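Following this line, the structures themselves.
Two complexes are shown next, each including subunit A; its partner changes from subunit B in the first to subunit C in the second.
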Partner chain A sequence: MSTRWYPIYQRGNPQLRVFLPNFWMKLVRPTEEQPANVVTFAVSTEMTKHDVKNYLEKIYKVPVVDVRTRIALGETKRDQTYGYVTKKDDVKLAYVTMPKTEAFTFPDLFANKAEQQEKEEKSMDESKAGFRKFLERNKKRPGTPGWYSI
Partner chain B sequence: MSSTLIKCLNLAKTVGTVTFKSLLTTPQKQLTAWSPAANGGLLKCGMHTTSPVRQERLLEFFDDPKHWSENEVKVGRAWKTDELRIKSNKELHQLWYILLKERNMLLTMEHECNDKMEIFPNPERIDKVKISMDNLETVVRERNKAYHLLETGETGERPQRAVHNAFGLRCTYKSCEHALPPFMNTKWIKSRHLGYGGRAVHKFLLQYREKLYNAKRKAKNRSRNEVMMILRRNPNFDLELLKRKYSDVDIEKLRRSDKARGHFVPKVDA
Partner chain C sequence: MLTLRRGEQLRARLNAACRRYLAIKAEPKAVTVAESEYSAEPEYPAIRDMSFKGRKLQSAAEWHEEIRQVPTVEEKMIKINMPRYYGYKVVDLNDTKVPFNALPLTQHYTRTVLEELPPKQAEPGEEKVDLDATVKVARNDIIEALEFAHDCYKHQLTLLDTPPDAVTREQQLTQIIVEQINRSALQVLSAEYPHLNEVEIDYNPRHEAFWAVGGVDPPKNVVKSKKGRDWQKADAYDSVDRLVQYTGEPYLALRHRHQLPTWKTPEESENLTLANQLPRYKHDARTLGYSTKYQHAINVPGYWPSVNAPNFGMLSFQSRAHLQLRPQACGERDQLEALHALGIQSSYAWLLAQANYNGFNTYNELTYPLNTQTVITNGREWSFYEYQLNTLLVHGPHVDSNARVNFCRGTAPQPLYAEISPEGKCVDFNDGTLRQLLTLYINAPSIQRTPDELMPYVSGPTLRRAADYENPEQREFLERTFKHLASKRPRHLELPEIYMWEKLYKIDNRTRAMEARRRFFERDINPWKRTLDQHDKEYVPRALRPGGRKNREERFKKTYYP
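== the complex of A and B ==
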């Protein structure tokens, strides 16, 4: 589609306008400790620093002071059995600096996970116990339907 | 529209922090009621009616906190092309950004789940968003094509042409913009003089074509054998159906063949 093509920019041309951008951005947990106003993103590899800045400012309304990007090499791994090498995709990381007044800490998404799991396991155990009781009760009369005895 | 305004007013009362003016200027407000089949789950990004502080704006990259430790997040289906065709260009444009935000959110959640060795609930949500975006693009493309055809007589699509590649095989080349015109691009001109008439390429092409021919031959034999076996087991099979299904097989000829006859003594009319 003509409007979806990113035309090459030459000096003097009018500014590019993309109507339906296809870029993706992931907010990722930083591996190293960072200042509170710096956020790490994994972005589409074809995105430039200007793209990242515009994307965040125009779509997410996040104020951006500075963007630094690098392309992280995907991990290579040798297959244990056949010895061939596989490689994961390269990914562009963008380190976005917001104004000093802003702060962002990556939230802990799985804080309640253990609690939830415990609850589920408990209900599972209960239903298991109920079924065992039902089997025990009907041991001497096989083939009786479940509704036969109360 | 008025009902949404009333809703927003009520919201403003309950929240208390936002002014009525800021609500009026929020463009996403009217999109809260948007969802293909009263699902509401797929398009969560449109739900932010309050103007959040900065920290919360980045939280748009994350799912609703109540879904964080869930094992299952139920959502509706993807948008269909027919539903998108009746939307205006402006609405489609807004919906594109909603879907974009939703996809970013899902990708972020998936990444974090993978990092923490947790199960990402309902990964098909990503596919649904992708299908919606593809459908939306199809609709926009249809409109674009119609407009271009009306105004210029051309489709406005990316131009394509058939070229020979380095192996002498024909393939389609999709044109793209270049900073230099062709006659100035000496590097490209030099690269064009790579011939494909060498011995190695000839050998490759011979074997490549043999492979293609074998595939074709085997497919032909396979369908021929299938027809013969069907005729052998079911002598009164519907021939019209067979002809429709195996259009490349000469069924009349096969009927007369010995293999299609079956293991029985044919009836001889007295």
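== the complex of A and C ==
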């Protein structure tokens, strides 16, 4: 759905416009342990329980039994240089209960992060070694381009 | 003058101490020692677990023992409340909210085995014929009562400008129906069943109970704090106790002097494998939709403590009006489970409150089983439950080790009638449901126990209630404190408030370093930790002071906290 406010209508603008609500839902990892059939979402503060339920049921075809919501206070942070306090926006958290048969586990997005990193490091090491070799070979003839010798 | 040097002084003192010690040791030899002091096998005192966990368990057990030793019922309740001035943080169980999938939590929190019964068929034998005749007599009376209730309520609604919401409507109508049915049932049965003549009827009584439940996962802040200390890291995920307060208001409750007969033997009730098979809801109760609140531990079975009164519950009629508010998507199966959960919670809480008036509580185990019967109804649908309370210990390690379990058996809701026709006539009256309701009435409370057996943890025949104290000042103090706790009125000293600007600029971000630190959160004072007796004592004016006007010692009234 739309993530920005629509411009106010000005004379001469097209007459027929479809207005989409400013609704968004973000799946978040729960801070406390929850039963498998409960999913936590951060949602737009304007959404009601009914909105959340309809959003999931109509768009994603997720069976929803019950929705509980609360508004979490945004974090405050102190500016490192000038010392003033800034605050992030409040966010509505929706706890969506699904039927007992359903189960949701938050995906481990970075399960193979270490593996990936290792692979990247390996290729980096290889290219570093190649460059070192090149430098070694051209020690006595500085400024030679890479394509000069085999 | 001879001055001893420091070392010599110490040596002299040591010598003196040794001599004294030797003298004490030598003394028993001189006097004749009774033979019984010695045994063939050496009897050592039990080895105490001096680890942190062991000491914690030990101190908890000592506190529970202290509660057990407290002489009167009221004082026991005050004693449980002593650690908190503003009340405990409790999970709020009540009869107005049963969230989705609440049955496992209910069974865990009340340690209850649930047996679902099929709708009862007429039993063969003499009893059946007996009841058949009674049902036939009661039938017309009750149909008339039903029609009257509907008619009456319809009329009441016409008098109102704005009709109340569906939940209130159901409650008001059911209240009339239940009262009428109870009246006619008592009328029909009391000639034949004399125990019904001695029954005490409570209309909309107050049923409350407090208990502690173990085996719940620790909250995040506890885990974090324990993980921050090396020596506690291993125990970071140990389960913790949760305190629970049930609050309910049934339509009607019947009480009797004697107890209902039990339907499970002690052998059946003590079964560790069965206890371990019970569902365990390890997550926070808030993940289901229950809320928490701060309040004092209160146990009220619908009346104040009194001796020789009808102290045992026989039958209670619970409301199911709030189940209307549950989302439709819960489904029929969950609706049934919600009814079971409601039946278990209300029966357990009522029995626990009754047990409390006999000197037991969540920390001091029952010595005999207690039984009750519960009906959940909306006037048309009736479900019947029987409950046997065998144990109260669900807290701490008992959740794993306690072999005793409570039992609940109940039926699915059955209709008493199909509908009330537009002419106000009752259609399709169900005799089976009526029969089952009447069987609850004719179940005669037969168990009678001696007072000492009933109240093993209460002091003695002369001192059972706070009212038995000789000292009028003490009596009044205990009465006032007890009633004040039970009233749920806010405390005299209000909880200090943290304003939002203070949270933002003083707690979360320390922007006011130069300001004097005067507020409680800046002085490391936790107001929730204030104990019940941390308040200014009442001043006694000079004119009324015992021991004369100049007596400064007794210028404050004495307190009698247990």
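FYI, the second predicted complex is superposed on the first by the 126 of 150 C-alpha atoms of A that agree within 3 Å, B and C clash if a C-alpha of one lies under 4 Å from a C-alpha of the other, contacts with A are read in each partner's own complex, and residues count from 1 in each chain.
Here is the rule we go by: a contact is a pair of C-beta atoms (placed from the backbone, for glycine too) under 8 Å apart; a residue touches a chain by one contact, two chains touch by 3 or more.
What you are looking at is a predicted structure, and each value in this text was computed from that prediction instead of being measured.
Chemist: Once the structures are superposed on A, label A:Gly12 by its partner contacts, choosing first (subunit B), second (subunit C), both or neither.
Modeler: neither
Chemist: Taking the superposition as given, does A:Lys26 touch the first partner, subunit B, the second, subunit C, both, or neither?
Modeler: Only subunit B; A:Lys26 stays clear of subunit C.
Chemist: Look at A:Gln34 in the shared chain and tell me whether it touches subunit B only, subunit C only, both, or neither; answer first, second, both or neither.
Modeler: Touch partner of A:Gln34: subunit C, not subunit B.
Chemist: Applying the touch criterion given at the start, work out whether A:Leu109 contacts subunit B, subunit C, both or neither, answering first, second, both or neither.
Modeler: Once the two structures are laid over each other on A, A:Leu109 reaches subunit B alone.
Chemist: In the overlay, answer first, second, both or neither for which of subunit B and subunit C A:Pro63 touches.
Modeler: both
Chemist: Is A:Gly146 in contact with subunit B, with subunit C, with both, or with neither (first, second, both, neither)?
Modeler: So A:Gly146 meets neither subunit B nor subunit C here.
Chemist: Using the superposition on chain A described above, determine whether A:Thr97 touches subunit B (first), subunit C (second), both, or neither.
Modeler: Once the two structures are laid over each other on A, A:Thr97 reaches subunit C alone.
Chemist: Looking at subunit A, does subunit C or subunit B touch more of its residues?
Modeler: Touched residues of subunit A are more numerous for B.
Chemist: Using the superposition described at the top, list the residues of subunit A that contact subunit B and also contact subunit C.
Modeler: Common to the two interfaces on subunit A: residues 63.
Chemist: Given the complex with subunit B, which residues does subunit A contribute to the contact?
Modeler: 1-5, 7-8, 10, 19-21, 24-29, 39, 42, 59-63, 98, 102-104, 107, 109-113, 115-116, 120
Chemist: Going by the contact rule at the top, pick out the subunit A residues touching subunit C in the complex.
Modeler: 31-35, 37-38, 63-66, 68, 76-78, 83, 85, 87, 95, 97, 99-100
Chemist: Applying the document's contact rule, which stretches of subunit B touch subunit A when the two form their complex?
Modeler: 54-55, 57-62, 65, 68-71, 93, 96-97, 100-101, 103-104, 107-109, 111-113, 115-116, 118, 136-137, 140-141, 144, 148, 156-158, 176-179
Chemist: Over in the complex, which subunit C residues touch subunit A? Could you list them?
Modeler: 99-101, 217, 219-220, 282-284, 287-289, 327, 329-331, 334, 504-505, 508-509, 511
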